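In what follows, structures are represented as structure tokens.
The two complexes that follow have subunit A in common; it is paired with subunit B in the first and with subunit C in the second.
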Partner chain A sequence: MRGERLAPYVLVAPAILIIVALRLWPLALGVNFSFTGDGDRDGAVVGLDNYIDLFRDPLFQTALRNVGLLVLLLPIAVAIPGLLATFIYLRVPGHRFFRSVYFFPAVLSPVIVGAIFNLLLAFDGPLNAVLGTVGLGPVDWLGDPDVAMFAVVGVHIWATFGMALVVFLAGFATLDGALLDAARVDGASLPQVIWHVIIPGLSRTIQFVFVTTMIGMLTSMFGLLYVMTSGGPEGSTYLPEYFIWIQQGQMNRPALASAASTVLFVIMLVVGLLQLSLLRRAVKES
Partner chain B sequence: MSRTRTSRWLVAVPMGLLALATIYPLLFTGNVAMKTRREYVLDRFSLAPAARWDNIVGAWTSVGMGRYFLNSVVVVTAAVVLLLLLGSMAGFALSQIRFRGSSVLFLGCLAALFIPFQVIMVPMARVMADLGLIDTYPGLVLVYVAQFLPFTVFLMTSFYRTIPPEIIDAARIDGNSVYGVYRRIMLPMGTPALLSVGILNALFCWNDVLIALLMMPSAEHRTLMVGVTALRGQYSADIPTFASGVLIAAAPVLLLYLFLQRQIADGVTAGATKG
Partner chain C sequence: MKQRALWSAVLIAVLAMSGCGSASGPKEADKGSNGGKLVVWDWKSGDATAASYIKKAKADFAKSHPDTTVEFVAQPFEQYYTLLGAAIQAGKGPDVMLFNGGGQIRDRVDSLVAIDEYIAGDKQRLAGWDAFGKAGKTYAAPVTLQGHPIYYNKALYKKAGLNPDSPPRTWTEFLANCAAIAKAGAKCFGQGNKEGIGIQFFMSGLGSGILTPKEYDDWIAGKRDWQAPGVKRLFQLWKEVSDAGLNTDGANSTAMFNDAFAQFQSGKAAHMIGLMSDIGHWKDFNEFLKPENVGVMIAPVVTDGATPSLPYDGGIGYAVAKWTKDPKLAADLVRSLTSTDALASFYADAGAIASDTTIDVSTAGPAVATIVADLKSGKPALHVALSSKTIDLMGRLSQQLISGSVTVDEALKQLAASDKPA
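Then we have the complex of A and B:
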């Protein structure tokens, strides 16, 4: 009988041990590590020196500026799948086909997506060839510091809008169809239906998509950056995650990288706490 | 009525163009993989004269994509099997058994969900180096398991909560131990969730590049995605070979998508609505 009492602990032990040892413990280790030195000062406590270096580092400043850019572009990255999901929900001709085609890039690795767009966006590549025939361009999509970040974010949105679309459609499934029918009978136009019925009805889904899209932009663009621009040209496409990788792997400054990790974690925490509060509300409502 | 029908078609046209823009890049890549270098340089858009597999065979054999493919298959399979095993065990205990500390442990898993790999990358590299696990298959598998376990435990717990406790009580009265209930009831009843979580985890691990780059520095241990990034440097002048490598890396995901699209979408939305 004693064995039976222990059983739940035996069942959870492997998972809990791994999560504690390789997720929670490294987090504490990393924060601690960010207050120690690199190179000659390895292991010595240096207070906030890494953080001071970090915020003076022009590449990290660019990374933070680019995070700001992502926040500005966030409404677009949410509105596009939201609008497309609305049309699919309203059964435009071919809606099933659109749904499965749009979702497809979302399952591809950022590496594959980045490699394909490396081909398409090359200076002597197909997109510029097409633009050339209509008398435009050529644009140095990945080589112009003013353009490259927009190109990479554009590719990221292309690759991930299907994910948000599917989440929106799951939200639509919970929407009261009678409300929509009533609005239609009353002769409401599409913008009116969206504004007065769909947005209020899907507020939880919309908030959720905002948070997950932001998290996706902060944590799943490494593959694209690595393949498409390697942070260039002139360091213009740095994001915190790429900065961490370079400082840890190439520059041999792990303590500085840890400080950048901690800053990224604080950004994520703000986003994550937002998500947790949404989750709690969702649990209460259901 | 006719007015709405016309407007529906007006919406369908741009949506169709967007659909084209969504699949065209992959079709383009597939077409390039079938062309010779000369054909590509002369005309990027022309259709390959025939379905030629030379470039793909070349990328598979001489460029090493075959080796990388095998590495990925081994690592992803091991990681997914472990994730499903540990995730379902923990999910069962956390959802169906009352025991001291269960809610704290569940909250711990939930907290770990919010720690992206980038944030713990540096200490992780240290810990793995101390354990002598850098550049080993078990090391990479372990990091994947650690990375996706919180998500797996969370989804399995949510799924097992929907199983009525009466079923477990009945199995216990029939003389099953807790482990017997896990093996004879929870595992078989969990199949739909295990399938969907398993597919998602397989995608996550297959598609990862950051963890693999960090854990597997030597060339013969490359996973397929790292192989693609290496290909970009080495074959930047040989676009058809490059495209072939990309195609090899995308093919399993494409097949998975064609046959299991429903389960993938369900998994994503389950993750979305529950976590």
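Then we have the complex of A and C:
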């Protein structure tokens, strides 16, 4: 009897041990480390000093503002693949061709994408040459602090929307074709079809894409930033990840980097929990 | 649901408790050299151009220490200091390691052994020690010298109707030359400030013509007055050069490595404040422009009373880690790595100005000859004296100066605040 009672614990023990030893324990060590000092104060307990430093640092403030900007740009990052998937689903001419072409950038590594766009967006590069032929002044895409972040986010969306497009197409496969036919018979226009039939029918898919796109934006922009702007110009394209890397590797301040990592962890935790609750509510509704 | 709440509570408790836990600094030596083995970290030994250098250094070391094996571990440079930082933190790094001179090594001297007693015999033969010292002690032996000569394209000078063999001596003459060069269809400076490196090259390349000798020496000695007239003039000049369109276009989005150098090599710019060793230097420029077209000039005089000199420091050098078992043995390896024979091959293959001033460089073209001749009167470069934190801030401020979103006074105020000793 007792053996039977213990069995489930024994069975889950390996999984729990792995999670505790390889995830939670290092996490705790990292948090612990963020309360110690750097340089001359290496190893000494400094309380919240690192966190105070962090929130006074204009670069970290910029990094947090940029996280906010990413959240604001999220609807665009979701709408683009959604709209394109709709057109493919409605069988615009050449839809088979577009389906494969749109997915293509998703297989390129961020470093390659960054290198390609470095060339395209260079001050004396082809994009500015094209703008020049139609009489528009050159834009310093990666050198103007007001433009650079949007340029990088635009490239990130270009590079990753293929995956979301595939998820949308899978969602369309579950859409009831009879509803679309009915809407057409009733004389609904394309915008009306999208608004009243497709969006409600795909609400779960849309929410899923929102969650995955958000996570992608917050965690996988490092490669692009590293290659395209190095956090510049004027520090305008810093994200928390990049800040952590610079402090750890270049400034020799690992404890401050740990504090920044902890803040990023908390942000991700909050964003993740909010999105989970959103998803759960959506599942209940349907 | 209850289960999840319980687990969340446990997680939060663990995180909260860890906050008041103990500190974990670097641990004292528990590993290091085991038996007769020395481990060396660098980012050079993997290059084909460094192969014969490493071979000669190893042979030199084997002569006196036949029982000790030496293992070179080449790390990727982009991650070198990140990896080294992690190794230092764990107290389990290599015995001997390569460093860039200046801030990178000064920030980490806590983990290094002062090697003065071991290298006394090399002090005269090698140049560039200052970049590897802190508070009167030496922590690494220089391998190469790194500095910032002002290169100019003699072919463009001819095309603009200027005498390529008499470079300008004053800033007024320099500006007049630039105007002639602009008419000939080229920019004055090849400039790349995407990483914020442009200002470092500008500061060190032109600084000796702007700061008075006293301001210069004080700066290097650590008594930096960011409000001194010469310092202010330097940053104003950075802005003036940009505003007057003397730089190549889009400086803030052009990478110094290697897009800016490419602009100079392709004849789009007549002057380039470059490097002496490794990259962006005479050897690269000779290949593209031909050796007879690559000139080197000393900084033009901007402020009356300034005495222009070649800015240079120790470029890279090998240091000995604190946790190595036998510092003398490791220091001997460092001496082998800086022996004349080994350095001569490094100069010949990798195209670096080696720290050993006795090496013959007469076959490498006029640019190198000028540089080596200027070494004697040379002084440490201005930007190398700054901490990595101040350098990082200066990079961002220099971009803001170009775009006009900060004034020179405001930038200097921020830099002065950042440069205070911690």
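In the analysis below, the second predicted complex is superposed on the first by the 249 of 286 C-alpha atoms of A that agree within 3 Å, B and C clash if a C-alpha of one lies under 4 Å from a C-alpha of the other, contacts with A are read in each partner's own complex, and residues count from 1 in each chain.
The criterion applied here is as follows: a residue touches a chain if its C-beta (ideal position, glycine included) is under 8 Å from a C-beta of that chain, and two chains touch if they have at least 3 such contacts.
The model shown is predicted, which means the values in this text are computed figures rather than measured ones.
Between subunit B and subunit C, the partner in contact with more residues of subunit A is B.
In the superposed pair of complexes, A:29 makes contact with subunit B and with subunit C alike. Looking at the shared chain after the overlay, A:108 reaches subunit B, while subunit C stays out of its contact range. When both complexes are overlaid on chain A, the residue A:18 reaches subunit B alone and has no touch with subunit C. Of the two partner chains placed around the shared chain by superposition, neither subunit B nor subunit C is touched by A:186.
When the two structures are aligned on the shared chain, A:42 is found in touch with subunit C, with no touch to subunit B.
After overlaying the two complexes on the shared chain, residue contacts for A:7 are found with subunit B alone; subunit C is out of touch. In the superposition on chain A, A:123 contacts subunit C only, with no contact to subunit B.
When the two structures are aligned on the shared chain, A:234 is found in touch with subunit C, with no touch to subunit B. Residues 24, 27, 29, 33, 245, 248-249, 254 of subunit A contact both subunit B in one complex and subunit C in the other.
Those residues of subunit B lying in contact with subunit A across their complex are 7-9, 11-12, 15-16, 18-19, 21-23, 25-26, 28-29, 32, 44-45, 86-87, 89-90, 92-94, 97, 99, 102, 105, 108-112, 114-127, 142-143, 145-147, 149-150, 153, 177-179, 182, 203, 206-210, 213-214, 225, 228-229, 231-232, 239, 242-243, 245-246, 249-250, 253, 256-257, 261, 264-265, 268-269, 272-273, 275. Taken together, the subunit C residues at the contact with subunit A in this complex read 11, 14-15, 18-26, 79, 81-82, 85, 89, 107-108, 110, 194-196, 249-254, 259, 388-389, 392, 395-396, 399-400, 403, 405, 422. By the touch rule above, subunit A contacts subunit C in their complex via residues 24, 27-29, 31-33, 35-36, 39-40, 42-45, 121-124, 138, 140-145, 148, 229-230, 232-235, 245-246, 248-252, 254.
Note for the complex: subunit A touches subunit B at residues 3-4, 7-9, 11-12, 14-16, 18-24, 26-27, 29-30, 33, 84, 87, 90-94, 97-98, 100-112, 115-120, 125-126, 129, 158, 162-163, 166-167, 169-170, 190, 208, 212, 215, 218-219, 222-223, 226-227, 240-241, 244-245, 248-249, 254, 257-258, 261-262, 264-265, 268-269, 272, 275-276, 279, 282.
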